[in-house]
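In what follows, chain A forms one complex with chain B and a second complex with chain C.
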Partner chain A sequence: MKMKLTRENVIRWAPALVLLGLVVLFTAINPAFLSQRNLARIALAATPPMMVALGVTFIIVMGSIDLSMEGAVSLCAVLFCLLFLKLGGSLGAGAWLAIPAILLCGAFFGWLTGMVHVRLQIPSFMASLAMGFVGTGAAVLVTGGDIVRIDDDVFRALLTWRILGFPLMVHIAVLLVLLAWFIQNHTTLGRNFYAVGGGEELAHASGVNVRRVRLAGFALAGVFYAIAAIFQVARLGQAESVTGANLMFIAITSVVVGGVALWGGIGGVLNAVVGVLIVNVIGNGMVVIGLPNYLQDGLLGVLVIVAVVLSTDRRLVSFAK
Partner chain B sequence: MSTFIKDFIDREVMTRRKLLLAGAAGIATMAVPGMSGRGQARAALVDPAIAWSYRDRASAYWNAVVSGGEAFVESIGRGKSDLVSLISEGSSEKSLADIKAFLAKTGGNCAIACDPNDSPNARPIVEAVQAAGGYISTIWNKTDDLHPWDFGDNYVSHMTWSDEQPSEQTARILFEAMGGKGGVVHLGGIAANNPAVERLAGLHNALKDFPDIELLDAQPADWDTTKAAQLMSSFLTRYGDRITGVHCAADNIAYGVIEALRAEGITDMPIVAYDGNPEAVKLVMDGQLLATVFTNPYWGGGISAALAYHAAIGTFKPSDEPQEHREFYGPTILITQADAAAFKAQYLDATPDYDWTDFWGPGNGQIQYR
Partner chain C sequence: MTMQRIKPHLPWITLLVLTAMVGVVDPNFLRPANLLSLAGDIVPLFIMALGLTFAIYIGGIDLSVQSMANMITVIASIYLASLGAWVAVLCIAAGFGLGMVSGFLTTRLCVPSFISTLAVGGVCFSIAQWLSGNRALNMDAEQRNAVFGWMIGHTGIVPNELFLAAALLALCLFIERRTILGRVLKAVGAGEPAAKASGIDVGRYKMLAFAISGALAAIAGLLFSVKLSGGAPTIANGFLLPAIVAVLVGGTPLTGGVGGVLNTLIGTLIVAVIRASMLYLGVEATQQQMLFGLVLIGAIALTIDRSKLRTVK
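Right, the complex of A and B next:
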């Protein structure tokens, strides 16, 4: 198949080109940027937000939004740590059970968000934001504001064991990206997300149970938030009620920068991956090239706008909301 | 006009009048002890009431302050409930109004410890206390031109905390561990926060005495563990092996730094922190941190009440004390690997038994203005 340099193709590949451009730019200023060790650092930093971004991509593709990730991740991280310690505090000694338990917990939390949205007919924006606060509040309640630490070397191998120079959790994250891509492209549920996002009325008329698809979407996102929580704990060795802080901004920004349209039906998992990488490359690169810190936040904002401008086809949009 | 409305207005006017009269009466009662007290320092009060005026008890910090106050009250043979809590809820007006009400109720026979909530509020509070003949010690908030020694004996003392000097101490410990040479990075708090500014200033002070140590970079990590981990790994790319020591503005930041280094297989980097959280104390004991700093709010709460009380009953006469006993920095306890275990046993595993008449021993010298 021959790729033509059409407008559609340029826009489809724009996020990847932005990423490439940034890498070239930062490497030109400081060649250490492209060293294998730095790439591993970027990948490691990107792993937890990547999981959150994958989860929220499914929701955004449906044309909804999920802002519950900070609360969901904090709660899952805290519960994971407490459960892990209760089950013996070592992965070998039965504490592995905490992993499936937390994935279920994440699914339940997401499902609950979905129920608030679908059953109570509250816009997903408000429902998920509120559920996020519930999650953070619950995390404060369980920990009493304290930090819960995990010191199991086997579990921490996710961070410390390197294969081909990259920590184990990065490899697992790659597999999970493939899984998410598979769900999106090769399952009924994945196709239904697009059907709902492309036109809810039409999907409904074609026999898609829109409510059930939405609930499944939120539950699936919840599972990915739980995975993000586990990675976050593996990375920092601790959980507290603010473990999920900042993930909302990074995840939503990444998804949009990657070219997933907030109005639904456009973009997908791979866009989210590129988006997360763009945001993390910017964050790392600005320090690596020695940009003064008072310029960093401002420049991040400008770069995000540029990336969005380049990677969305605004001809498809009649108005921005 | 309907009779209903007329009656209503009459009634309201009456209530207002009554209120004014009652108010005047109240002011008069307040003024009486004030008139007798002014100009002639009363020798001593007998069995004064004791109060703590603070924000609220929900935060761990203020909870520790008030617990210290209660411990002092129990130490003089009274019950916990004899410490009156004047809760300002973060409102300066309420703080002042509550203190005036307390002065009126006790007729000035009282000792008050107080955080005035904001700096300008300190003056009206201490003026009201002096007028009523009571005694007061303040912490944290007062304007620079307000001094206890300008109020005779009634404004007993003011205590606040400075982060600059302790941060300098941690930097020195760090530099010595680095062998007096090499490169250091600083991961700070939110750039505009006062503690963040002071903790970085402390590092700069220490750098002057170590010419062979280079400050490679200082950037804000926003008091956040995740951000600190990310920033540290970016520093590693930029400076690599040139980093031989890390100065953190908070324990939370140090946690992120330790994990970022662990991911790279670096376990022997000298790191110092600040705040004295229980987890950080443990890390000092484990050897992963060189030092952290604790500010002991429990002692601060107890000693402020004790100062006001003992001045009130005449144990000491504030105006006979030197200025460094009237305005001083609160204690900051440096926790190093040598004393972390002892610190944990003394402060975290059990509540220490303080000598509430050792007013100035643990303090940190007279407040300096710039």
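Right, the complex of A and C next:
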């Protein structure tokens, strides 16, 4: 099939074009931007937010929102470290069990958020916001405000073992992106997310169990938050109650910049990937071209707006909330 | 009395029950002086939440309020010396203008308010860092007392902040109930396409809603800097989520069109009572945040009026 240069196509590919434009721009100003070392740095920084963004993408596609990721990631990271240490403190010596345990734990936390949302009929924004407090609070409670460290060489290989110049966790993240893409496009659950996001009443009328789909969506997001937590721990070598801080706005901004509509049903995993890369390229690029620190937040905001404006089809959107 | 008729009253009933519960455990809590000083302490949060109500009322959100307040504390601290009382005008104008920018991005460029206000917040943060050189600034105490002293003293046992809060509440209530702007905002929140179809220039009014939110965040920032006699680019951090929570707990859901500024008054008080109750009930610091989240879920589950929500997203 030949790609035609129509309006629709341009807008569909706008996020990717924005990403390309940014890369060209930063490279033009400082060629070191495109160096292998710097690309690895970007990829590494993008890995945990990428996992969070993948998780929240499923929720946003359903037309809901999830703001619990900071609490979920902090709690999972802290529990992971504690469990890891309890199981021997070395990946070879049985501590690998901590990984599936924490994925389950993430799924449970997400499912709980889903239950608060679905059973108590609280809009997801508030349900997940409150559950975020609970998650962070639980992390504080478990650690008593302390930092838990892990220095197992086998586990830290996620960070230190480089293949083709990129840390191992970046490669795993790529596989997980493929997995998320597969779930979205080739499973019933993935298609049901779009059915619910496109029109909840219609989905319900055509026999989709909307409540169950929502619960499954939040649980799935929880698993991705748990993965993000494991990557965060691998990257930093420690966990505390603020391990998940700042992930919320970054992840949601990324997803929207990538072209996923907040009102549901539009966009998907690949948009989230492009979005995360755009936000991280902007963040890294500003440092590489040597902008003063104080300008970065403002410029990031302006560039994010530009990216969203370029990738929104204003003929289709009658209004924005 | 059916459940349907009790529902709209649940926010203030929740407030009374919570207050009474803390009062039973520690009667000291209920002393008027204590309640008044508690109320006085949360006035900056209340003013911020008051503005945020307008953004949420139309189904949007304003995530810039915290950065806005931060920026204003810096501006107020720097320009108090040269501008005197006019610095208040500068602050409010800056808040109004930047709120207008958020509104413009949202209405004219179709950027969701979640993103547009976050971006404007980033710009505010940059401005604050640039102006302050990333340092904490101090106001000249004498000049502060001369110009803004009336904001923070006491009249009898009543903290003066409460008068400011009452005046702003009255103003917002007037806007909400007695002006075209207020009616249009309700129409927009209840159903934007319908409001548009009936010939209203929806965009203009929505921009005003964000501008009001910005202006009130600026006033909150100004009050904050006067109280602390200084400013810094991160001094008001930690206010954003409680402000959102205050609006939501009061019963103005994110879907818009329901609730209003009076609800926010009750919501802010609920948040304040929950926070204070932890001190009075002797909850350990490490447990407070988790408990706050759990109580929040309970409070929202009780207060939210679902009859006007078609689907719960």
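Going forward, the second predicted complex is superposed on the first by the 321 of 321 C-alpha atoms of A that agree within 3 Å, B and C clash if a C-alpha of one lies under 4 Å from a C-alpha of the other, contacts with A are read in each partner's own complex, and residues count from 1 in each chain.
Assume contacts are C-beta pairs under 8 Å (C-beta built on N, C-alpha and C of every residue); 3 or more make two chains touch, one makes a residue touch a chain.
Fair warning: this is a prediction, and the values are worked out from it, not measured in the lab.
When the shared chain is aligned, no partner comes close enough to touch A:Leu189: not chain B, not chain C. For chain A, the partner with contacts to more residues, out of chain B and chain C, is C.
Looking at the shared chain after the overlay, A:Gln232 reaches chain B, while chain C stays out of its contact range. In the superposed model, A:Glu200 makes contact with chain C only, not with chain B.
Shared-chain residue A:His117: touches chain C; no touch with chain B. Look at A:Tyr294: by the touch rule set out above, it reaches both chain B and chain C. In the superposition on chain A, contact of A:Ala245 is made with chain B only, not with chain C.
Once the two complexes are overlaid on chain A, the chain A residues touched by chain B in the first and by chain C in the second are 145, 293-294.
Considering their complex, residues 58-60, 63, 105-107, 109-116, 118-127, 129-130, 134, 192-193, 196, 202, 241, 244-245, 248, 253-256, 286-294, 296-297, 300-301, 304, 306, 309, 311-313 of chain C touch chain A. Within the complex, the chain B residues that touch chain A are 60, 191, 217, 219-220, 224-227, 229-231, 233-238, 240, 255-256, 259, 262-265, 277, 279.
Taken in their complex, chain A has these residues touching chain B: 30, 32-33, 35, 37-38, 41, 44-45, 145, 147, 149, 156, 159-160, 167, 232, 235-238, 240, 242-243, 245-246, 283-284, 287-288, 290, 293-294. Considering their complex, residues 63-65, 71, 116-118, 120-127, 129-138, 140-141, 144-145, 200-201, 249, 252-253, 256-257, 262, 264, 293-302, 304-305, 308-309, 312, 314, 317-321 of chain A touch chain C.
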